[in-house]
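What follows is a pair of complexes built around subunit A, which joins subunit B in one and subunit C in the other.
On to the complex of A and B.
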């Protein structure tokens, strides 16, 4: 075997093609970043401008940095929409992830009669189109007295997202060694304790991914929110913002401010959790 | 006192029966090894004792109490897994304390027992570490520590050394032997496919094949008096040499004609009914020596494995399939291609009938 001596402190020779490739890649990534970020920034800046400046000078910085539009949007109903969105998102996230994790545990770790059928049944829920189910669902919610309440959305978001979330967590749990639950069983842990103290901590990264995925879904969901709620104090942000646009369609500055407020939480969540999010998904899919 | 009793224990997976009615009495404080080739049911038997597998029929008693329907944690057992099965999100201390925390043992007691076990296993400096920061040997010691703190009546080991490298395996084997000495009242059951582990550790060995017990006995018993051809071949390394033969004369002494053409008188009496019956003539590699006279058979050396102290000599013998292996002193000067004659102490010869059962 021969070794190549590299002088101490010397850099490896630069290949112009590699440099060019790297430069090109960098340019591509920067353009992609600008493409995604610019509309968001433009929207946020629009919230600081006056309505007339938006039309006269759409790409300039605001003349005056004032939060008037944001305050106005907040008082026009964004406060209510934000509260509804937060409530529905948080509660449905908890219920969905908890139910899915328990279901995945049951489907991967217990002996039961006809398990493949049950797995098919649960995961088959992913195929169900929400649009097709709308009419019966409306009737069902009305007869239960849940129509036009936060509960309607919480229940529907949970029901429609449990299959997919279960699918992700189940795939992850299938890869966890059985020895661990058996060791816990010998240590005297009950099923509930094995789930809480052994399985859940081990599934942390996929659970975080599922939480983020569900938040993204519930925060942006429009169809159910539009159909099952019709009052300002129950409506969530996507529906509320549409009605705001309909009512105040001429005042773009306030609409931009409202949109910025609604997008902010989700952008922040993603920003702080993207590490978990990406890791959990890749681990869950192919370890 | 009987520590553990199995009566006609059977285990089915669907239509396939993997344990065919196992009967076994294990005394309290005994160290038992289950050995056998892959798929012989030894792990299944261990897991049935642990309660991780249901018993399809038959009875299992620990300390005289029926255990068939008792959950694993209430059987008074502790198990060390092949994969260690340490909880990766818990420190060494938490791993060992987990069972006691579940059982709501008070903190001072947990602390005392974990530190005592850590002391025995030299893990005191590692109590705050996570399993991923430990070496394979340390992980296995933590797994053993987790079992010790349970203060079990029966200690179960499922191939605990098979994930360790050779040097560590020997060291950990010695640790397990010491552990056994320090816990004389604890019954230990040890599953392995490595007969050296079984021979060195066990008071008695249970040889399993295809879901049946082939023989139960002390290591030396199995080695000197294998009940059948399977045990004879399985115990001992290199394996016992087997040469086809025919009984020519029965009586006080048995005269056999080997496939290689030689006649050997074996000092055991056989019933006259066995005259001209085909048998298997078995002799261990270490019982063969270079003959001063004509010996019992001979052949040409095809391969020599020099191990220093001894050398393993592979001999091609006419009309015998496969080589005859001889263990000779390392100082003996021989070469590949030499023709040598071998002799044996007739007392050491074993005969097996055509069904493989021991005749002598």
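On to the complex of A and C.
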């Protein structure tokens, strides 16, 4: 029989309609892929082109490959924006993940007073939108003297992401068996020791997911960054880009270079940490 | 060695506790312990309470005042700002635009994304499945400022990529000022948003589809059910939970849109692409009318509250069913 010769997993697709259907679906996948990637490639290549070539020859490859526009963008402020973005992202990631893990431990492993209320309060914060808090927050940040500082962003990124991050870590801790921390307790370890030496190592994978999701959020956040910072040495990349655009918008090539510099790190992080990234996303919506 | 000493201490305390057992002392001790355990919650309570809950509650109070940010004068005006809301044409326009956002996002980021996910999961080669999933996700990882600016350039008349493409295929008479026209601006922004967001939900759907037991498909194939039949009889019903959740999350997102509109048009031309978020910004930070901006904030709050409660209800119901 002819089926014997067909490798495992491949079914005979002799029917021309089936072949046509498969061809159509593949074409759909490929064209969606082109639609997604082409604008991004156009942007990155635009950073190599001269301004006049972008206008005259939008589809062509750059005439010469030089990093001049990237260097120019770097010196126009992208250096400062990148530094601010790094600082705000790193510090707020540490504070958010630490506070969240700490809280999640208390909410799953201690006999905390009023626990159900606290769970509701902290996780309920997930539903609240930053836009609604904007007007009072401006007055608050001004009276705290935090307006136009990195601290304003660090505090707000932490406050608005602790609920979601706690939610993820708490769900993970609830699923962990209690044998290990009970054993440690019998051995006389204090709660602090159990948290540091038993729970944190056990939760490593969800914590990595939370770190990556927070980096994605903080690196890309625009609303707070736009409202609370207005100087080149405090602005993060997303808001810095729009001010760069306002000042040098006629120089497409340099703006393209700046946009590419801003997008590249996060795309790389996504590619190298996909596994954790996807776990975080699915836990977030699937639980 | 270490184990031995630890067991000894726990023995000790057990003996002590047994000797001096007193119900009231024990209850007091237990309450003290419960209160002491609050130290685990205090950091989150303070930061979330202070910077998330307090401003959102304060927003209600601000919405009943008119504030002059230059003189610092605050006047209570009761519900005046809400009366203004009802008469404000732009608020209704913004609500309509948020609604349009929701409709298009549900079509593309839920239903189209579902179909795409089903196609991807139908591929036999695992590497290709991961490849397409990752490719479609890339725009979601990038800041809306970058994608917004990128599409601002793409939509530029004559010199932008879209018009260049239309010229290339001989459709130059379709060439248009996409963002500069009151009729098309919001649609151009929504289109960008779909481009950016569909990969995110495609990814989530592929994971939901992976959880369906393979045997169901094998059985269906043996029974002679074709691919389309399998899609409607197996894949769709068994990912219904995820679909329901995605619809709610997508609608909630549509009422909080801000970045892309701000970056691409700032709500213009002539306020035609305003959404609630950008109109709040315009009123509060360009017109310095904080009281009115706060009232717009309350509208957004109500929208997010409704979708949030829907989500909660949906999750609860699902728990009961399972």
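Here, the second predicted complex is superposed on the first by the 243 of 287 C-alpha atoms of A that agree within 3 Å, B and C clash if a C-alpha of one lies under 4 Å from a C-alpha of the other, contacts with A are read in each partner's own complex, and residues count from 1 in each chain.
We adopt the following convention: contacts are C-beta pairs under 8 Å (C-beta built on N, C-alpha and C of every residue); 3 or more make two chains touch, one makes a residue touch a chain.
Note that this is a predicted model, so its numbers are computed, not measured.
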Margin query: Looking only at subunit A, is it subunit B or subunit C that touches more of its residues?
Written below: C
Margin query: So in the superposed three-chain picture, is A:193 touching just subunit B, just subunit C, both, or none of them (first/second/both/neither)?
Written below: first
Checklist line | Touching partner for A:182 - first (subunit B), second (subunit C), both, neither | finding: first
Check: Who does A:28 touch here: subunit B (first), subunit C (second), both, or neither?
Finding: second
Checklist line | Intersection of subunit A interface sets (partners subunit B, subunit C) | finding: 186-188
Check: Quick one: in the complex, what on subunit C touches subunit A?
Finding: 3, 6-7, 9-10, 30-31, 33-35, 37-41, 43-45, 47-56, 58-59, 62, 116, 119-120, 122, 124, 132, 134-139, 141-146, 149-151, 153-154, 159, 161, 164, 168, 195, 199-200, 203-204, 207-208, 227, 242, 245-246, 249, 256, 258-259, 262-263, 276-277, 280-281, 284-285, 290, 293-294, 297-298, 300-301, 304-305, 308, 311
Margin query: Please output the residues of subunit B touching subunit A within their complex, sorted ascending.
Written below: 50-52, 71-74, 77-79, 81-83, 85-89, 98-99, 102-103, 146, 150
Check: For subunit A, which residues count as touching subunit C in their complex?
Finding: 9-10, 21, 25, 28-29, 32-33, 35-37, 39-40, 42-43, 54-55, 58-59, 99-100, 102-103, 105-107, 110-114, 118, 121-122, 125, 127-129, 131-140, 155-156, 158-160, 162-163, 166, 186-188, 191, 216, 219-220, 222-223, 226-227, 237-239, 241-242, 245, 252, 255-256, 259, 262-263, 266-267, 269-271, 274, 278, 281-282, 285-286
Note to self: Help me check something: in the complex, which residues belonging to subunit A touch subunit B?
What the structure shows: 177, 179-180, 182-189, 193, 197-198, 201-202, 204
